[in-house]
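First up is the structure itself, then whatever we jot down about it.
All chains are identified by letter, namely A, B, C and D, in their written order; residue positions are counted from 1 within each chain.
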Amino acid sequence: MTAPTQDGLLSRRRLTLVAIEFVVALAIAIVLFPFLWIFLASIKPPELVTEPNVWMFPPTAANWHDVLLESDVPKNIINSFVVSVATVIIALVTGCPAAYSFSRFKTGSGTRFSVLAAEMMPPAILILPLFLVLFRLGLIDTLAAVVLAHLTFVVPVVTWFLIGFFDEIPRELEEQAMIDGYTQFQAFYKVILPVVRPGLAAAAVFGFVLSWNDMFYALILTGGESRTLPVAIAGFWTFRGIDMGKMAVAILVAVVPILIISFFIQKHLVRSLGGGAVKF
Amino acid sequence: MRTQKWLATALFAGAASAMVSGSSLAGSLNIIIEEVPDYDVVRVLTEKFAAENPGIEVTFDAMPFDAMRDKILTSALASSATYNVIIVDNPWMEEFAKAGFLTPLDDFIAADSGYDFEDFVGPLRDIGVVEGSTYGVPYYNYALGLIVRQDIFDEQGIAVPTTLDDYVDVVKKLTNDDFYGAAMQPQKGYKVMEEWKNWLYATGGELFNADGDITINSPEAVKALEMYIDAFNTSAPEGSVNWGFDEALRAVASGRAATMLSYNWMLPALNAKGGMSGDLAGKFTLNEVPGGKAVLGSWSWSIPANVDDKDEAWKYISWITSKAVAKDRVIAGGAPVRTSIISDPEVWEKGFGEDYYKTLLGILEDAAPLSSGTSAEELIDIVGTELSAAVSGQKSVQQALDDAAKGVERAR
Amino acid sequence: MSGVQLKNLRKSFGLTEVLKGINLTVESREFTVLLGPSGCGKSTTLRMLAGLEPVSEGEIWIGDRNVTDLEPRDRNIAMVFQNYALYPNMTIAQNMGFGLKAKKMPRAEISARVNEAAAMLNIADLLARRPKELSGGQQQRVAIGRAIVREPNLFLFDEPLSNLDTKLRVEMRTELLRLHRSLDATTIYVTHDQEEAMTMANRIVVMNGGQIEQIGTPSEIYFKPNSRMVAGFIGSPAMNFVDGRVGVDGLETSIGPVAHPTKLASGDAVILGFRPDDLYFPDELTAYQAAMSVDFTAEFVELLGARGIVTLRAAGAEFKGVFEERFLHRFAEGATVALALSRDRLHLFSATSGERVGG
Amino acid sequence: MHLRFRLILPLAAAMTVIMAYPLVFSAWISFHDYRLTRLQDVRFRGVENYAFILSDAPFGRALVNTMTFVAGAVSIELVLGLGLALLLQRLVRFQNFARAVLLAPMFITPIAVGLMFRFLLNSELGVIPYYLATIGVEIAWFDERLALFSLMLIDAWQWTPFMLLMFLAGLEALPKDPFEAARVDGASAWITFWNLTLPLLRPVILVALIIRALDAFKVFEYVWAITRGGPGDATETILFHIYKTGFRFFRLGEAAAMAYVLIGILMFLVIVLYTAMRRR
């Protein structure tokens, strides 16, 4: 008597699941399609790049060869990497203690919000004076200039995330450390920092991506040797037309490492964000 | 005069002002250059210069167009230039010269006996002249020409149009369901301005009259824009209202359109075997724009005012633009600027053939810059925005041109 | 081991005064419990003792040292937190040795001490694990072990058992007492659980509203509560109270006259208190002992096991009584039962100040 | 100095250098006729710059465009992000894979995304319109009616993953009990969503909204890569407009004034959202 009912229930459940899987698969297709297309563009012979309906063709490695071996793109990647890493390190070094202080000493209720609000500052307003200062300092066209500019948006975001993470750590932990014979600062870096490490990693990844993706500041502040990858990608769009094939290679080269990183960290990212940063 | 500038910079951090940036070392030339095929040619040729002048180390800072303007500006504002040699786009020439960023080159040119400055095509040469002084010598041109699919014209027995009225008729006639008479570039700003201004010349209009009054909303301009919109609506690919140079080029290259107004030196690229146009290679020809007078673009070599060793900079410029080197450059694929080179049979033979060069010379000699004045860059944007608004139907032709005139008046 | 002295300790957060002058002397080796309802200031007092909360006014002495302005690390104390506060990223051994590391103790000695404490607490086999692999009870032991290895002048406990289930709590209680006896350490223990306080403390400090209500041994607190608040707070079920007035000859209350001497002036409002355990059948008391007899109406009975709680009603008010199981049949619903109060088990408080005025 | 302030010191110092100073300097510039080509002739203009831009039609249009863009893009991202998060949560198989793929677009430099879609959506050469045309759908993605909307879709492609990330994290951190209670009470999925999930996620939603909205105000790369603000003024966004005024036309005074007007608007927005958040 109960068997048919149960079967009905099960199949309904299975149906829902199939529907969910279908929608998710569709979303995945929408996300992956441009990548596929870009990849095809990177190995298409030049005369076929403008043909939307060509899926089979003799592939060419010329674009890959040109970009990886005979262009500045590898150097641009290193530049981007150096800039992003330096930005993140500085952001963590300055943001971490401050976030800890904001979290622990209950600095005014609006503080954490104004930290976030700092991120909203339009780059356009900061770039003019930054440009002039960096220019005075002789730092235009250097990676240092880009790092400095990227700090303007990476530091607030990283700090803000960290405040959330520190909030999640029970106060007793550092009190225990202080009773155990450590100063509050020692408690901070010997006990709290190791505990908040997943949070630090999440914030670092976020900061890294923000810096890695920026083109606006880098466009204005870098040149020649110091060009970062997004600027280089934009550079394939010249007055003589976009070199689609090469640009496709550059885009893939820019994206793949980040995708690999994101693949491995996404789980931690979700978990550690859930731990704290998504709350006020 | 400089006190004002320092007053402004007094706001800088104290430590900052003590440091001076980017001074170039003696014996080294740092050149800012746009990353285009012409640069590849120049870079290779320069190795020869370096070999001849072991004391001078030449480095290029190549970048996309959009990054160049503020880089040049930065260098010009410094107490000592980052770039000893710069290239200047024609809309910037007057602006930079009047801002005091550039060195007058007249004395250098006069002192250089075999240089033959007059050999540069007149309209190109004039771009470098501001209020009687020469601030730039031509690097390469990007004058516009009419690029057509000759095979289609031949097939249908149609002559390549020489007047605007003919042109509009022809592109309408050539348009059918999946083929278009003209690939146009009505993208806001530079692109639409660059294209439409050819139409403006063809109807006898100009942006300013001889007295310098704004004539952007003159009846000629209205007519030019109306015809432009007519052609766009009837003969250009659907949904191409935002197209720029790239899309138009690709549409022509992939056989979707019969004609385009574009840079003259695109022709060799279109006709190159194994290039972007595949089987269509060889079927394109270059012609003068309908109406004859073309929009001229050019890059010029200049020496910033704040360069320490100007002799060295001139040494390079005069070398790279000298007749001998210019010939090598053009043969290697560079866009020509000297009359003697364009007319040189050796160049015809090793380059892209007599027809191409003769047409090119015709275009160059009857051409005028896209825009001039100290606010040329802004002017292009203002007019280009209004043109785009009219093409996309957001404004009436008269309204758009009136607004353009108003905007230009303010920017001046 | 050293005693502790709090001298007129005050604490304000902004304009709110949460401690209004605490004076307390804790003798060396004494197990003192701070007891009170939540928000009474007991935890704040403990945190100030630990140095986690700055002192607004007053002094704290540990032994012969004024530690008022010393950092926690300079006070040589150990503290066990309610949520144990184990370092999640360290092993149990590292957790326990962390405080010794701060003192730059040689590694071998740290490990010796940790092992000793672990053996004492039966957690020797957990030393290599991390906190999240442990049960609540085990974590509790680690937290205590971490305090022990420090060999501090003073142990502080902040409601350490409240996160454990009842059975474990009772076990740990005994264990803590045994430990206290063997270590002979001065201990200050904060709780809101009166059972814990009664069973463990040498002395109980009852706090209320930022002040000390009473300091005394558990039996003093239970049998001689200093105030109506203490009387009502200690004991379960809670003490019964009746409003009354001093009459010419004893008290007049809503449930009848009470023959009870008082030093108060006639006409003063008083509160009469008696514990549920102190209700007697009339035949259990001598005529002298019986202060009064009241006819209660029984409402219902809650059986606890050997005893039961009876809900009674008289003069419209509700009272609780506790009786042995064998008497419970007398309290059938609706039955009228006469019960007597014993003269020496009455508590009398001023209705105005709440202070004990006799009994 | 109290530890609390010592900990904030590095951040405060960094922020002073990279933000406070530029802001002050920008404010100064905004009251002057400050042109990079006329530095010897910087003149005080009082509030003229402000008066001009507030009456300037293109600036107004850019503001309206930007706000439309932000509202549209962020709404799409919110709905899609929340929907996908809920689906992903119920996905049984391939959950990690799906999550990694669906989060990927936010890690790609926006300029690459812009250039990619410029060609994917190109009406003649793009693969998307090509296949749409085969099923009879002809859409001119970048004409004056659709261009801004297309930019919103591109933004949604890139940034829905951010919403997804925040919501996955938020869902992970939700207490389990109320949902079990709802199941026992026999509440339908729909009722549970409206009465439990949504209210409990509210803080996360607001945070995600704020971050995304502030970020969307900075939209630059897509405009730069695809439309350059056109057709006409249809996609002229505020940052692009300021960039043009400041770095193409060198009118720093006006650009700075525009940036300040923008800050004013953002401040207002932030305060409104902040109040909404505190009222929860």
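Methods note: contacts are C-beta pairs under 8 Å (C-beta built on N, C-alpha and C of every residue); 3 or more make two chains touch, one makes a residue touch a chain.
None of these values were measured; they are calculated from a predicted model.
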item	value
Joint neighbours of chain C and chain B, given as chain labels	A
Identity of the chain that, by mean CA position, is farthest from chain A	C
Chain pair with the higher count of C-beta pairs in contact (A-D, A-C)	A-D
Rounded Å distance, chain A centre to chain C centre (Cα mean)	54
Distance between the centres, which are taken as Cα means, of chain D and chain A, whole angstrom	15
Intercentroid distance (Cα basis), chain B paired with chain A, Å	38
Sites on chain A at which at least two other chains make contact	50, 132-133, 220, 234, 237, 242
Chain B: positions in contact with at least two other chains	13, 66, 70, 77, 250-251, 254
Two or more partner chains touched - positions in chain C	none
Pairwise chain contacts, counting only pairs that touch as defined	A-B, A-C, A-D, B-D
For the chain A and chain D complex, residues of the former touching the latter	16-17, 20-21, 23-24, 27-28, 30-32, 34, 37-38, 50, 52-53, 90, 93-95, 97-98, 100-102, 104-105, 107, 109-110, 113, 116-130, 132-133, 148-149, 151-152, 155, 159, 184-185, 188, 209, 212-216, 220, 229-230, 233-234, 236-237, 242, 244, 247, 250-251, 254-255, 258-259, 261-263, 266-267, 269-275, 277-280
Chain A-facing residues of chain C, complex	47, 50-52, 71-73, 75, 77-79, 81-83, 85, 87-89, 98-99, 102-103, 146, 150
Chain B-facing residues of chain D, complex	17, 21, 25, 28, 34, 36-42, 58, 122-125, 129, 138-144, 147, 224, 226-234, 236, 244, 247-250
Parts of chain B lying in touch with chain D, wherever the complex brings them together	1-2, 4-5, 7-8, 11, 13, 66, 69-70, 73, 77, 95-96, 98-101, 186-189, 191, 237-242, 244, 247, 250-251, 254, 256, 374-375, 377-378, 381, 385-386, 388-395, 411
Residue ranges of chain D in contact with chain A within the complex	3-8, 10-15, 17-19, 21-23, 25-26, 29, 84, 87-88, 90-94, 96, 98-112, 115-117, 119-120, 125-127, 129-131, 157, 165-166, 168-173, 203-204, 206-208, 210-211, 214-215, 217-218, 220-221, 224-225, 238-239, 242-243, 246-247, 252, 255-256, 258-260, 262-263, 266-267, 270, 274, 277-278
